[in-house]
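In what follows, chain A forms one complex with chain B and a second complex with chain C.
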Partner chain A sequence: MKLNLATRTLTALFVFILLTACSNTDGQNHEANGSNSTNGQENNHSSAEVSGGVVRIAMSTEIDNLDPYVSAATDTMSMMDNVFDGLLDTDESGQLVPAIAEDYDISDDGLQYTFRLKDNVVFHDGSELTAEDVVYSYEKLAGLNGGEPISSQFEIIEKIETPSDFEVIIHLKERSSAFLAANIRPILPADYDNHSEKPIGAGPFKFESYVVGQELKLKRNDDYYDVDKIPFLDEVQFKIMPDPESSILAMQAGEIDIIPGISAQGLLQLGDQVKTVSGPQNMVQIMALNNSVEPLNQKEVRQAINLAVDKDMIIETVSDGDGIKLGSNFSPAMDFYYEAGLEDVYATNIAEAKKLMKAAGYEDGFELELTVPSDYQFHVDTAQVIVEQLKEIDIDVDLKLIEFSSWLENVYTDEQYEATIIGFTGKLDPYEILRRYVTDYKRNFINFEHAQYDERIDQALKATNPTEMARMYKDAQSILTEEAASVFIMDPYRTIAMTNGLEGMKMYPIQKFNLEDVHYTE
Partner chain B sequence: MMTKPKSIPLFIGISLVVTISITMLISFFYTPYDPNEIHSASRLSSPSAEHLFGTDNFGRDILSRIMEGSQTAFLTGFSAVSIGLTVGLVIGACAGYFEGWLDELLMRFVDALLAFPGILLAIMLVSVFEPGMGSTIVALGIMSIPTFARIIRGSIIQYKKFDFVQASIAKGAGSLRIIFRHLLPNITSPILVAASLSFSGSVLAESGLSYLGLGVQPPDPSWGRMLKEAQPYITSAPWYVITTGLVITLMVLGFNLLGDGIRDSNDNRA
Partner chain C sequence: MRYFAYKFSSFLMTFILVSVIIFFVFQMLPGNPAHIILGLDADEQQIRNLEIELGLDRPLPERYFDWVTGIFQGDMGESLRYQLPVADIIQDRLPVTLSLTVLSLLLTVVIGLPLGLYIAQKDGKWTSIVLSILTQLGISIPSFWFGFMLILLFGVVLSLFPTYGYVPWSESFFGALKSFFLPSLAIAISNIAVVIRYLRNTILDQAKMDYVRTAQCKGLSEKAIMYGHILRNGLIPILTILGLTIADTLGGSIIIENVFALPGLGNLLIQSITSRDFPLVQTMILYLSIIVVTINFIVDLLYRLVDPRIRSKG
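Let's turn to the complex of A and B:
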């Protein structure tokens, strides 16, 4: 009897192993299919658009606050972005396009921004959106109504004028080309501040309901001002699912239609069931080198490290090949400002690296402490590859894992570190991205100091036309590469998985779920 | 005929422990590949003649890493048992020999220690100090103190009543002499059993802590962290979890059987 049981268990185990082995080979085939669809846009375009339907999206983090001026979480903002609209919006290449604003002018001295508003915009409660609402919103953001400024980007506003109901003139204290990108912040109805309970915006979707820790429901706004962009979908449900594995299982069971950030392994598991949209997410993963500590204060040493780190290998092993190599602190996701060609300046070359180490007086290498936030397996994995790669030039890397909260304190704030690995999330404004390396910026934790760089950033800020601004930012990127400020590794792709039959999801240089164009097909 | 069924677990236990110990010793001189060497070209390749246990997500040889990881497992197990045994011996021997209020005090302290679920206590200790090999060992050592203290106290109380102990007390022998010369040699068998069980418990707890990311930190190899790293690949590279999990199981099983075997063969004698 006992023996019988044992035999049966063994047989069951055997069958199980066989099954997993089978499904595994299946999975690899799917991977091959999947990799064709990655890179750039979605695959198989079919044309039959169907209006209506409900889409359920798995979100990994809890909503912090429905009020867009209180919320600080990227995930929350990207969900609520469908409820709120700003004067401007961003397109897929990071260019600013008018939204509530019909068009805008910037004065020659760069101090005066004139926005003309569309005259058919209504909030979800039926009231008309006028210049008064813009003034209310911006004064709140800038702290001009007596409160604390909500956004530092708006502190630069001196005063706001409204010559008519549909015209707003914003006066800045000083010239800043970075201000324009700030105008994607939501416009809220004047004198209504119950957004935490029932948010009211002017976006393509209306807030329907929210259950803490479970779901957020949005309904289509049939009165949306941009008639061409009235959503196809009737309803969108964001389901809060902190565990990635459970959202994959839910998708497998057909309870979820979209997973915004899915791992390569998750895709393998889902196989044919889904299709993907994938591309750079405007993140910069770097191995930050503290430019103020020995021996990293020597340019030759930093260059040697850059030459020794094989970024292609990191992308291949850590990111399953889904990432784009970087050469400076800028992702090609922001095409317009991106200086191409820098990624190959430090093509892996151990002999050259050793030569530079010798020139710097470190022929026998040195010990380097690499502090990595343990919460991010991605960075920990990257670190493990780098440890091996730097052995080639006799740099003995001591890996130190710390919690993200202590990382923020010790590394980011107190700058008590030699090297670290971290990802900078995408910003829409190149200034926000590149100012990290300006000498006197307080978050310049790399301690990069370069007069010409500071000058370029300043010139970009003072630039009046976009081409000149872009040229300055591109110059600045070249300086970072030339000086080997740090090792700029990659921009890992974000991959969005959608059930078959859904189409229209696009990738943006900021985390944004534009659900206006998402639709089912026949 | 009578002894056969009892010696089988002992035999299996000994062979498992000896095999794993030998593997551990070999790993000091030889592993098939450099356990940390990364080969992106051969990532997640299935077991083959080249890589007996396959490779992991970095293309590292899993067998080499398991061999290297056995050093960590033995080191944590051995150190944790040493800490637990030393402190437990002092507490248990004092409490058992002197009895009275000292016994009450020490044993209530041990009870308090025992009231914490072991792994929670370890997690707490590791979070208070920095995660790493050192604090893991200390935490696991503290975790195993109560077991040793109780077993030693119980056995000492039991043996104290025997005439040969009473005789040496009457002869005026010192407490230390009685404890070390007369009592301890008689209770080595329960201590050995406790030590081997506690050893396997520590290895398992270390794996658990490392799996949670709180134990041994990279680049020190650890079986528990290997399991954690293997988890995302459970469907695409099942050999990674299976081999690593199997080795942990065999190690723990080996020491448990060894402990059981010692106890059983001891009962047999008595």
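Let's turn to the complex of A and C:
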């Protein structure tokens, strides 16, 4: 009897396998009667805002450490960003806005930053946030308390003064317009050291619990100082789900509400069940050309490669059309500093490219080794398209895939490569983005050398007037294009999927999941 | 006694060999853990500071010696990525992988053995054809595919089981059973297929032996022959297969844990390799190899229990 049951189960399983194997093709049927809500594009008109509810978000990487000064993983930081606040914050366009600080001044010589703090800020343990906590946090970051500096952005601090409980004056060793953006780093309560187990911040959500490798739970902070921004949601659960396919299935089953980075394939599978928010993420995907190896040290060769690579086609095939074409190492996501028009300087032109190759003495082409980190399928796909495109000008590309950890050492640190494809993630300050090409910068692995470029970056850093600063950064972008420092491909869109009935997720020029505004509509 | 001394020394040799190999092989991989932890934009000074803090600047033999002596004292060092003691991290994950292994082994035995027995007794032409197709499929289709299909059917379509995550045993027995059932089944399917094939072949082989004819002549019932003689003789190859299955399950859990978002050792192993978390990787692999060696040892003991001839040979 028992045996019969077992055979039947096995047979049933077999039939089911056959059925499911064929069912992928008629997936659209599921979608058609899935739901009656809005579709992908038209999603930003908000209807009734409902307070309360729980949101479950799928995250693909695990939390490295809950202590914001120990953690180095971008994903961890963007989750914990809801628990911690800094003096400043960023809005959707990348502009800095006051958070814990009420307002701030910068002295005329650019060496002295005065922050006045809001007087109603309390940490999650109930203690008041005062100047003392800012000093504690910044001294730790800058290594002024005897320890090693935690962030190189803060090493520039000479000393910190506190004229009153709610005023902080920071003195810099030298002038740097890049310092302002560093002030989004979390402020921690003075002399509390147990953030790895129970993090305490002053953000809109409180830490509730963390189950290793599985779930981070946050609860609404009803005492949040910015009364207008007290979250709608009661609770947020970040679920650690390493496999993207599993998180899509979980969303299908209604067990996940938000997937922060979803593929076009995944969206197709979910159909009408979800809405999306999508846009540039301030990432710069480049095909880096090592400017110090033959024959890439010749400008004509680099220009020829730029003319031969058809970026539109890459965006269409690799990114399904979801990406913005770039012309320099800068994304339009940071509009204020972006030099428009550079993306068309090297419109695809094979004849012209061949002419340049001939002028450089490479009429018959050459062999090029393209080293790509295999962990990133997106870059690998891009590389495959480029291999085909460069055949047109007789460059024979040898594609070499290596693991990202090895890439960091061989390519990025030791500069043992000819060409590579990588994406630089968004930074809030243009200096952090454009510094990569400064001649004596340690991480200038492209080996770009250009005196005028270095000068422009230096001028931007010393500028006190924002318009002047933006002009210098724009100039610098043009130089990168003119010199064809590398092939600047695109800023691929990030697409956030949300279940129907959920609204308020926004895009930022850095990876940030701002959950204050997220709410249910029914 | 000599047998145990011999076994113990070979156990120790395996341990030393494994520890040397995993330590030095991982050190040879390119990739600087300090740089990986700090990310793309870390500056040289920061990386050097972290290297010193993590002890990566000390000579290799010294680090190896420290690691091995640490293990004997119960101190497995600190994870580079999590900056927490390795022992604590592994302790957090062990219950998950252990539950998966035990449950899938249980499923394999409970489903595989009776099914194999039944099929061997009902050996007809059709059954054997259907069976060989089914088991062939079971063996050749990778476990992660079964995983996805099980999620799709029981999680999405029927909503009978959760699609991801797990409930600890201490919280709710049935909740835990529910969350471990699908992943264990996904791993068990191919093992069940293997066990069925082996059991059937073994039984059919044994049935042709002389001692079976003798037993039949003696007038023993079919049942008595099957359970008293054939099965006992067939147990040796089955034990071997089950032993291998455990090792296989540990390997299978690496992928299945990812599919079902279970925070187990397999999941941790992948992450610690990509982040070059040496102390964590080394200790975990050592752990796994000790488990495999121990299982082989147990299987060896069971052989001696089942078959007195092996015992007398020593």
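Methods note: the second predicted complex is superposed on the first by the 478 of 522 C-alpha atoms of A that agree within 3 Å, B and C clash if a C-alpha of one lies under 4 Å from a C-alpha of the other, contacts with A are read in each partner's own complex, and residues count from 1 in each chain.
Simple rule for what comes next: a contact is a pair of C-beta atoms (placed from the backbone, for glycine too) under 8 Å apart; a residue touches a chain by one contact, two chains touch by 3 or more.
As the structure is a computational prediction, the values presented were derived from the model and not from experiment.
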{"item": "Per-residue touch tally on chain A - higher for chain B or for chain C", "value": "C"}
{"item": "Partner chain in contact with A:72 - chain B first, chain C second, else both or neither", "value": "second"}
{"item": "A:399 touches, of chain B and chain C: first, second, both or neither?", "value": "first"}
{"item": "Contacts of A:378 with chain B and chain C, given as first, second, both or neither", "value": "neither"}
{"item": "Partner chain(s) touched by A:336 [first = chain B, second = chain C, both, neither]", "value": "neither"}
{"item": "First (chain B), second (chain C), both or neither touched by A:366", "value": "neither"}
{"item": "Partner chain(s) touched by A:269 [first = chain B, second = chain C, both, neither]", "value": "first"}
{"item": "Common interface positions of chain A, toward chain B and toward chain C", "value": "17, 20"}
{"item": "Chain A to chain B touching residues, read off their complex", "value": "17, 20-21, 23-24, 27-28, 263, 265, 268-269, 313, 316-317, 374, 380-381, 383-385, 387-389, 399-402"}
{"item": "Chain A-touching residues of chain C, taken from the complex the two chains share", "value": "29-32, 35-41, 43-46, 49, 53, 81-84, 89, 92-93, 111, 114-115, 118, 134, 137, 148-149, 151-153, 155-156, 159, 162-166, 258-261, 263, 267-268, 270-271, 274-276"}
{"item": "Residues of chain A that touch chain C when the two form their complex", "value": "2-3, 6-7, 10, 14, 16-17, 20, 62, 64-65, 70, 72, 74, 148-149, 152, 196, 211-215, 239-243, 245-247, 249-250, 252-253, 255, 375, 403-406, 408-410, 412-413, 424-425, 432, 442-443"}
{"item": "Touch list for chain B against partner chain A, complex", "value": "36-38, 40, 43, 57-59, 130-131, 213, 217-219, 232-233, 235-238"}
